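What follows is a set of notes on a single structure, which appears directly below.
We just call them A, B, C, D, E and F in the order they show up, numbering each chain from 1.
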């Protein structure tokens, strides 16, 4: 099975962390390709960049054949659009982390990157109808570059934040936290779910069951912004 | 006061309808410019186009000085990103129609274009925390081109749909329905709120009160997809 | 356009503060008359007074011709009854403050007068289906007489309370706070919405668009308590 | 134990029906006095009358000593104000019907009088935080005078409406339906809860347990509208 | 009237406390029998014991004729099953405490035993659709044996916890707290509702009104686990 | 990996259907054992049987070593208790069907067995905080014996019910529907998720990621009802 993992930012170190976590989660017969968009912002420093990155993410998905697609941005839009571009199932880590966490506890806490991301994640969970089981969203205060370039300090900040969670189950709510779950779980005694790993397993699950989303008949996609 | 109205699609007739409705709603001292994106899809035939159009909409907003911005797509994303690009208040008709309607009745019905738009509008209202006062979303079955090119038949379909609403107050939930409110109200006896008109008045209101959104200090916006 | 603003209490200084704020918000062609009831309690010191004041408020509305009515009590009942007495739109500041605030941020905090008012405002927002976007209701600890007679100390208390708000957007939730918005905004860096000003602009908006509430055919209103 | 039952309207036949139902529900040692306001509207034909009637209801409660007060209007305001006027517990049939019904089934349907009352009851249940267990509000189409003067036809309409309920448990949501519960239950096979009877039993329950509401220290009540 | 009160645990002292509170609440003509299951766990130290105890509770209810049944465990399952075994009304203190409390205030706080019980009670209230009026669930930190064997220290802990409640109305959310309501109310100035007393009064209320739950025709109950 | 699948009823044909579906979903290295309780009811014809069956289910789980446990009853209790008996993850099909369905669409419909099960499933989803994404619960009208013994007629009824769903994604909400997903999907064009298959894949996912629930230190489980 070929899984395309798309990192919405273009921070190389982040793409590598996500790839490592995705491969570690993948079953023997699963091949993982992790890509960042060819165009768009390097870091998602604001809501403009979040929207711009979606164009590059969709471009990648449209041109890369795969049996399943994992979108590795936490709280980013684009899943519904991606489902128009591919017949393969599309897994968003914003959904997959919380969904797998729900099998382990009735409520979970999400630990995300910066304080600015907290209301964005809260609102996105509400849009996704996943808010009822979320006991809170906490910020570790670490941006994606922090998480990539200052791994040790960032990990400590994540560990400290996870300790403050009021629930046993915690979801790591940032692609840049990929690979930290086991370490943070060991340090805190919490049950820690990483969205990228969760999405890989859910992609394999859907693949094995032959399930994918509904595809309405639609005219060819037009209007890519860079075509004009 | 200069209000920039942005039509997310590039259907010329739709831009003209929106402009006419916006000007009709504007106060004497208000100047309205209505534009469609220079790049992106002509029609928003799917979720890909919805996201692509946001890039062109944001480009317009970034380059067009104005005292207020009205985003004339119902259910489209991008408001939060637009708020990063301008110090002027940004009014989304998806919010303004329902908000003005709320002053006229505790609950309202939204009449939108096609059946495919219904769950999208429902989910967007939930994300905007405006779902509690919405008694239902009904589809008139008319696409934007229908509304522009077959005005008479489309109007009849909208009238028929508004009649089915279980509430006295109805919001026209599509930019292409701009200009129909008075006619539909007369034909149905309902109170009909048009999102574009509502947004113009709310833009003027915020302007008069000197209110605009908070602007976090942020680095310059980068990563426009067409720059790559 | 003639706007009748009704202060539900009979504290003269409060009526004057409301009037000043209303006139400051009004457009050139708008004439504002601010009145307090001829009968009923001076201060709304409890739930009995809140209900009694509604009678005098309704009496004023029934006998005063106007193009729009603004009810300047935050959390008080009577809007639906007022809509039976006049064909003009009726704007309640309890709705208008939060509605205008919603255009500036997805969530807002309400700063109200005394601690006793907090659950009343919370319950009223729930009844109005405006609770989902409210991040919290905080009490400044200032009663209406405090706000009128000890303006400086009261303002300081409001500023301190607004600083504690967890959101960028704050609604002043008391008629006695009319006129404080700009000052509090300057002192706190928050976006501060005053309900009276918001209601004036929404009244003008509805007037300009020719919108008003539905009026069911009903028999003449009878049973004014003072008639017996 | 002395229970004061207050009918918010002044339709004599309705007061009598309520009194009969209240007495039938009362325990041997309970004395029931049922009164209508001395002032205010005869019928509650609109929201103005609903507010006006509250003044007369409060006047009655203030001047009539009792060990418990039952407010026999379904959906009417005033309970919180009444709690300021008496140390005795105040039972509103709008709460008591649904609360007792909840012990008999997880969800209940409310059958109320006219179609105009349906959204009023829905909104009042939301304000009272009793909406989650309500599966629907249905109108029998019968006004209070219909229920009093054309008892047989009205009963048939109520029976027909109860039959349409999607739940086993039904609450009669109108004081004018007092006394119909057993008959409607026999005709429909549903479990039918009458709010007046429920309130009497809850009043006795609170009395027996020595429970009443909290009474904040408050200044004397002033501002009765008829004093001016 | 014969009321069967069932204590889900088999701690004798707890059964006695519940019986004393139930008898104190009962009207003169009411006879109360309080029993603990003949089989099952002594203490409900976990979720397994909670389920096991339900079997013994149901066995008791099936074999003990009564005019009403009170289930004296707070948060325990089994009410719906019990309703299949008896034509008499079944009152669960988890419902009755909050329902009676609602007549005394729009919101209440629940004080339960141990911290582990807090999410269980929160989830149970959500299942029962009673969560909207609950302002919070606080743990006193006292287990049932603590409450039985160290009454004085336990009472002090309950008093301290009740003082921390943000509402005037508090529900004692544990069968082992039966009998403490008056004492805790006196010590704290709060309005304190005991679930067992509330259930007795509601049982008598339903009995007096001749109300009970719906009984679907069902085949004889089979599969008692101890029969195999 | 060893997965223990537990059918809560003791209908042999149902256990076989579940086993076949579970094995079909299992990955090559996964071994599936499907068992029914040794004690308890044959069919879950009521809420008593639902509770009784939990005892037998828990007994099986306590005595059968496994790397993961799948509880194959839809809407049945016991998951939290099972988590006390085993260190292996416990997957309830009531959760797993909806969770996997959420990756394929924002909302899903659940098709369950009999009309009596509809409110039970609705309430259970609410308790599990999975209600927001559920667009409705429909009954096929088929009991477990119908599904086992009259497979063709039952399948037709399920197909007809799935066709009535208002969403693209449908969850089969009954263990006895195990094995029907592909067939029903082919016949209806809907996306059909079977809870048993979903649970197997989620069990494998958790196993691969080394995730399981939190286990509070607790005293040994006591009070098995059949021990007395």
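Operating definition for what follows: contacts are C-beta pairs under 8 Å (C-beta built on N, C-alpha and C of every residue); 3 or more make two chains touch, one makes a residue touch a chain.
Just so it is clear, the model here is predicted, and its values are computed rather than measured.
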What are the mutual neighbours of chain A and chain D in this structure? B, C, E, F
Keeping to the contact definition above, tell me which chains border both chain C and chain D. B, E
Just send me the rotation angle from a CA overlay of chain A on chain E, rounded to the nearest 5 degrees. 120
For chain B versus chain C, which are copies of one sequence, does the interface use mostly the same residue numbers on each side, meaning over half shared, or is it different? same
A-F or B-D: which has the larger count of contacting C-beta pairs? A-F
Name the chain whose C-alpha centroid is most distant from the C-alpha centroid of chain C. F
Hey, which chain ends up farthest from chain E, C-alpha centres compared? B
Computed distance of Cα centres, chain F from chain C, in Å: 53
Inter-chain centre distance, chain C versus chain E - centres from mean C-alpha coordinates, in Å: 44
Distance from the CA centroid of chain A to that of chain B, rounded to the nearest Å? 30
Give me the residue numbers in chain C that touch at least two other chains, ranges are fine. 106-107, 123, 129
Which word fits how the chains touch one another: line, ring, star, complete or other? other
Touching pairs here come out as A-B, A-C, A-E, A-F, B-C, B-D, B-F, C-D, C-E, D-E, D-F, E-F
Taking the complex as given, what residues does chain D use to touch chain E? 25, 27, 89, 91, 95-96, 99-100, 102-107, 128-133, 168-169, 182, 190-191, 193, 197-198, 201-202, 204-206, 208-214
Can you name the residues of chain F that touch chain D in the complex? 119, 123
Across the complex, what residues on chain B touch chain D? 106-107
How about chain E: which of its residues touch chain F in the complex? 38-42, 45-56, 58, 77-78, 80-81, 83-85, 116, 123-124, 126-127, 129, 216, 218-219, 221-228
